[in-house]
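Dropping the structures in below, format is structure tokens.
Both of the next two complexes hold chain A, though its partner changes from chain B to chain C.
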Partner chain A sequence: MNGYAGRILRVNLTNGTFTKEPTPAALARDFIGGRGFGIYLLLKEVPQGADPLGPENKIFISSGPISGMLIPGGGKCDWTTKAPLTGGYASASMGGHFTAEMRYAGLDSIILEGVSPKPVTLFIDDDKIELRDASDLWGKNTFMVEKQFKDKLGEEYQIAVIGPGGENMVPYACVNHDYGRQAGRGGVGAVMGSKKLKAIVLHGTKSIPVADPAAYRKAGMALYKACKEADGLKQWTSYGTTQVVSWCDEVGALPTRNFSAGSFEGASTLSGPYMREHIVITDKGCFGCPCPCGKYSRMKKYNSNVEGPEYETIGLCGSNLGIADIESVAQANLLCDDLGIDTISAGNAIGWAMECYEKGIFTKKDTDGLDLKFGNVEAVFTMIEKIARREGLGALLSEGVKRASKKVGQGTEKFAIHVKGMEQSGYATHNATAMLLSYMTCDVGAHHNRAWAITYDLQVGRELVVPEKVARVIWLQNFRPMFDVLGGCRLQWVELNIDRDLYVPALEAITGIHRSWEDLEMVGARIWNLTRLYWARENEGFGRSWDLPPARFYEDAPKSGPTKGQITKFEDVNKLLDIYYEQRGWTSNGLPTPATIESLGLKAVFA
Partner chain B sequence: MPATLRLSGPLRDFNGGKPELQVQPGRTIREVITDLGIVPETIAVVVVNEEQQTKDYIFQEGDVVLVLAIIGGG
Partner chain C sequence: MRLYVDSSKCSGCNACRVACSLNLFGENNPKKAALVIEPHFPAPGVYRVRVCTQCGDCAKVCPTEAIKQDEQGAYFVNYADCNLCEACVPECPEEVMFVRAKLADTAWKCNLCGDCVAVCGTSALWIAEIEALAA
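The block that comes next holds the complex of A and B.
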């Protein structure tokens, strides 16, 4: 099958067996790859009601047809599982070089199932597949383990590894790869930890069959040329995602002190240019990328290095915690990565705890003696460690802000900034209705990557609630995650503005199948509806109430900055959902109607 | 001598699909892009002669100014 390695590896960790199954042609036709494979397999293979951290849950690691190919950004793979953080759908996209190596080892997907009786590493070198004892690695941090494998086996081996956060099953533990890339959100690392799987080590030397090699080369080169000639290339490569820090501050979107505001007095020392000048030592890119956005930093104060911080970490572990020192933010980034926990959820959870402390809900008795004020860098470092090890207050924060605020009560739910149990990522949405709707309806919880609509808010009027805005969010939700289906990175389109139609001939040359973006967006809509059905299947009473945003955005206006005094009215929150459900073809409670399921051809899938 | 304003990607829709336009010196970038129908807040980055500037920069003779739209975020 052109464009595919042709095999799915199933690893049963309980009995230590491996099977290779042909990648089904119908699966490739209907769901293409990546998160398309992921949601299909999750629905089919993980039984309803499975404990996310129990033996019935599985992890599905999937590449797509452009993964590992000479296509800009073809270095992404999807990690799908039932999320320990939310109890719903988790799909985390990981960059680096893992997915390319996986394909060269002859694998489109890896299915991890069962629970190993002891810590193990999954070792794959082409057709040699083994589970190796990892008892000596258990308890070690991610960087040390990755380096140990690289030193022993060679740079060409690709490693995905969990840290103490994953071993301790912190519900937002991540998987670390390439010293700075993560399958970050939803707790994939915790599921890996529950299976006693410390690491996956990959190496491959095979090739992927291509339908039309000459056309593939031509289409691939056209994409690279477009990237290299893009107006924004120099800017993007210089600063990566950090280029938006100052802009977010300017428009009131920079999460500040637990999202109580959208502008931070210390933003200038967190900005992309400031960071580049003061701590960045080189750029770092993923497989086949002509526009590397990774920034490798040196923190002199701490005598350490890290890949990052990216915008999200600057937002959540910087301004959101009242920290303006970029070296300290980078150090927090390093600690989270090394311990294997998501910087977004960790920063959000610590921000919530700091607000509890400043409001007197927590005292030093609750904080293990820490003076947990906004801006206290050392307290943040300590809390990150405690979260990963689930010690003291860290044990509470490790549960995520939804569960933590429910336990603490006293009105703290009102400033627990999450949707569906996932901590909101780095955009304050007090008065940006399209972006707010994007978070409310995102299929993994409050994450920005599916539909980043905030500039649309600014262009058409940030407080407006009109069908055009909702349509824009839906279009983005159907379209943008298609890069996670194809196994590529969206940032070449997003940030360099290259013509998305350039991908069409490349995909056709690789797979031999012509797909227009209209076709691809239809696949995106099918996947979106399946993820919704999955949430409903796994959570009794799932519906509209699950889509409500944090109360802060409709009750608690910022007291300073560009959005001072601004919130979204609660009636507008409901109006957004009314329009959204109608446009999606869902019921007024937010569930796909039988007619919608039928029209998208999903009846057989969701039987 | 006029300055050149270069628009990235989707911003070209505000200029009849064309990537560049000539601008007389003396006005701010904010004023010029507003006249085109672009809401200045949507512009994340302004680069003047390869150096980052603010939207309140005043066009000088011969400047080459690039405004970058952030259409998709991270």
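The block that comes next holds the complex of A and C.
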């Protein structure tokens, strides 16, 4: 099948057996790859009610037809599973070189199922597939393990590895790859830890068949040319995602002290230009990327290096914790990566704990003696370690802010900043209704990347609650995740503003099948609806109440900054949902109607 | 003419290597590329790129005279004449002369097609006269 490596590898960790199945043509036609494969397989293969950390849950690792190809940004790998953090759908997108290597090893997807009796590494070198004992690696941090494999096997091998966070099944543990790329959100690393799978080591030397090599080369070259000639290339490549730090601060979107405000007095020393000048030593790109957002940094103060920090980490582990020192934020980033926990959830959870401490709800008795006030860098480093090891207060914070605040009570739920149990990422949404709706309705919980609508808020009027805004969010939710389905990165379109129609002939030359963006967006809508049905299948009573944002954004206005005194009225929160459900073809409780399921052709999938 | 690289500008993306394999073999397989990116991470955190300087040392030792020079001065492998003896491989000062019998039934090297330069987003690669830069 052109455009596909052709095989799906199934690894049964319980028995230590492997099977290779042909990638079904109908699956490729209907769901294309990446996240599309993920949600389809999750629905079909993981039984209703499965414990996310039990033997019934599975991990689906999928590339897409542009992964590993001469297409800008063809380096994204989807990790789908039932999320230990939320009990719903998790799909984490990992950059780097893993997804390309999977395809060169002849694999479109890897399915991990069962639980190994002892720690193991999955070793794949073209057609040689083995589970190797990893008892000596268990307990080790991610960088050391990756380095060990690279030193032994060579740089052509690609490695995905969990740290102590994953081994200890922290519900927001991540998978690490290429010293700084992660399948970050929702707890994929914890599921890998529950399966006693320490690492996946990959190497492949195969070629990926394409339908029309000459047209493929031409279309690929045209995409690279467009990226290289884009006006924004130099600025974007210099700063990557950190270019938005100053902008977010100016418009009151920079998460500050547990999202109590959207502007931080120390933002200037967290900005992209400041970071570039002071700590960045190398641009580090994912596979095939002409505009690498990865910034590799050297922290002299700590005698250490890290990939990052990128915007989300600066927001959550910097301003959100009252820290203005970029080297300290970078070091927090390094600790999280090395221990294998998500910087966004970790920073958010520590922010919540700091607010509990400053409000007197926590005393030093609760914080293991730490002076857990905002801005205390050493306390943050200690808490990151404690979270990964689930020790002391870290054990509580490792549960995520939804569960932690429920346990603590005393009104702390009101400033637990999450949706559906996933900690909100780096945009304060007191008064940015499209971005707020984006977080409320995101398919994994409060994550930004499905519909990054914050610039649209500023463009059309941030407090407006109108159908056009909701339509924009829905369009973004259908369209942007298609890059995750295709196995590539959206940022060439988002940041360099290249013509998305350039992808159409490339995809056609690769797969031999013409698909317009209209067609692709329809696939996006089908996937979006399936993820919604999955949430409902797994959670009794799932519906509208699950889409409500943190109370902070409708009750608790910032006391300083550009959004001082501003919140979104609760009636507007509900109005957003009313319009959204109507436009999606969902009931007033937020569930796809039978007619919607029928019209999207999902009856057969979701029986 | 030869290919030049400023390794400090490389971000390790490998687009150049995919483009290279596509030109050399019509395949999508960076393991069959004629330039090498060595990542050095986590420390010191740099990439080192090795490219062909068109020095011709490979051609001098080839017993079947499979490595020839084209009109722009680039040495290329005439695949039909290569017998996989590997004599050329240790001669290459940059270690960018390749024989991997499992992957191809010929040696391969940079033929100065320029496709790597065309896809490099950070302008780490370029082609220039050998004399001009040495002067």
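Here, the second predicted complex is superposed on the first by the 607 of 607 C-alpha atoms of A that agree within 3 Å, B and C clash if a C-alpha of one lies under 4 Å from a C-alpha of the other, contacts with A are read in each partner's own complex, and residues count from 1 in each chain.
Throughout what follows, a residue touches a chain if its C-beta (ideal position, glycine included) is under 8 Å from a C-beta of that chain, and two chains touch if they have at least 3 such contacts.
Note that the coordinates shown come from a computational prediction; the quantities given were computed from them, not determined experimentally.
Touched residues of chain A, counted separately for chain B and chain C, are more numerous for C. Contacts of A:68 after superposition on the shared chain: chain C is touched, whereas chain B is not. Legend: residue contacts after superposition of the two complexes on their common chain; A:352 is shown touching neither chain B nor chain C. Contacts of A:225 after superposition: chain C is touched, whereas chain B is not reached. When the shared chain is aligned, chain B comes close enough to touch A:448, but chain C does not. In the superposition on chain A, contact of A:534 is made with neither chain B nor chain C. Annotation: chain A has no residue touching chain B in one complex and chain C in the other.
Against chain C, the residues of chain A that register as touching in their complex are 68-70, 72, 75, 97, 100, 104, 143, 147, 155-156, 178-179, 204-208, 210, 213, 216-217, 220-221, 224-225, 227-228, 233, 237, 281-292, 294, 296, 298, 305-306. Here chain A touches chain B in the complex through residues 230-232, 234-235, 241, 243-244, 247, 250-251, 273, 310-312, 426-427, 448-449, 452, 454-455, 458-459, 476, 480, 490-491, 493-497, going by the rule given at the top. Listing the residues of chain B that touch chain A in their complex gives 6, 8-10, 19, 38-39, 41-45, 47, 50, 52, 66, 68-74.
Note for the complex: chain C touches chain A at residues 8-9, 11-15, 18-19, 21-22, 25-32, 38-39, 41-47, 100, 102-103, 115, 118-122.
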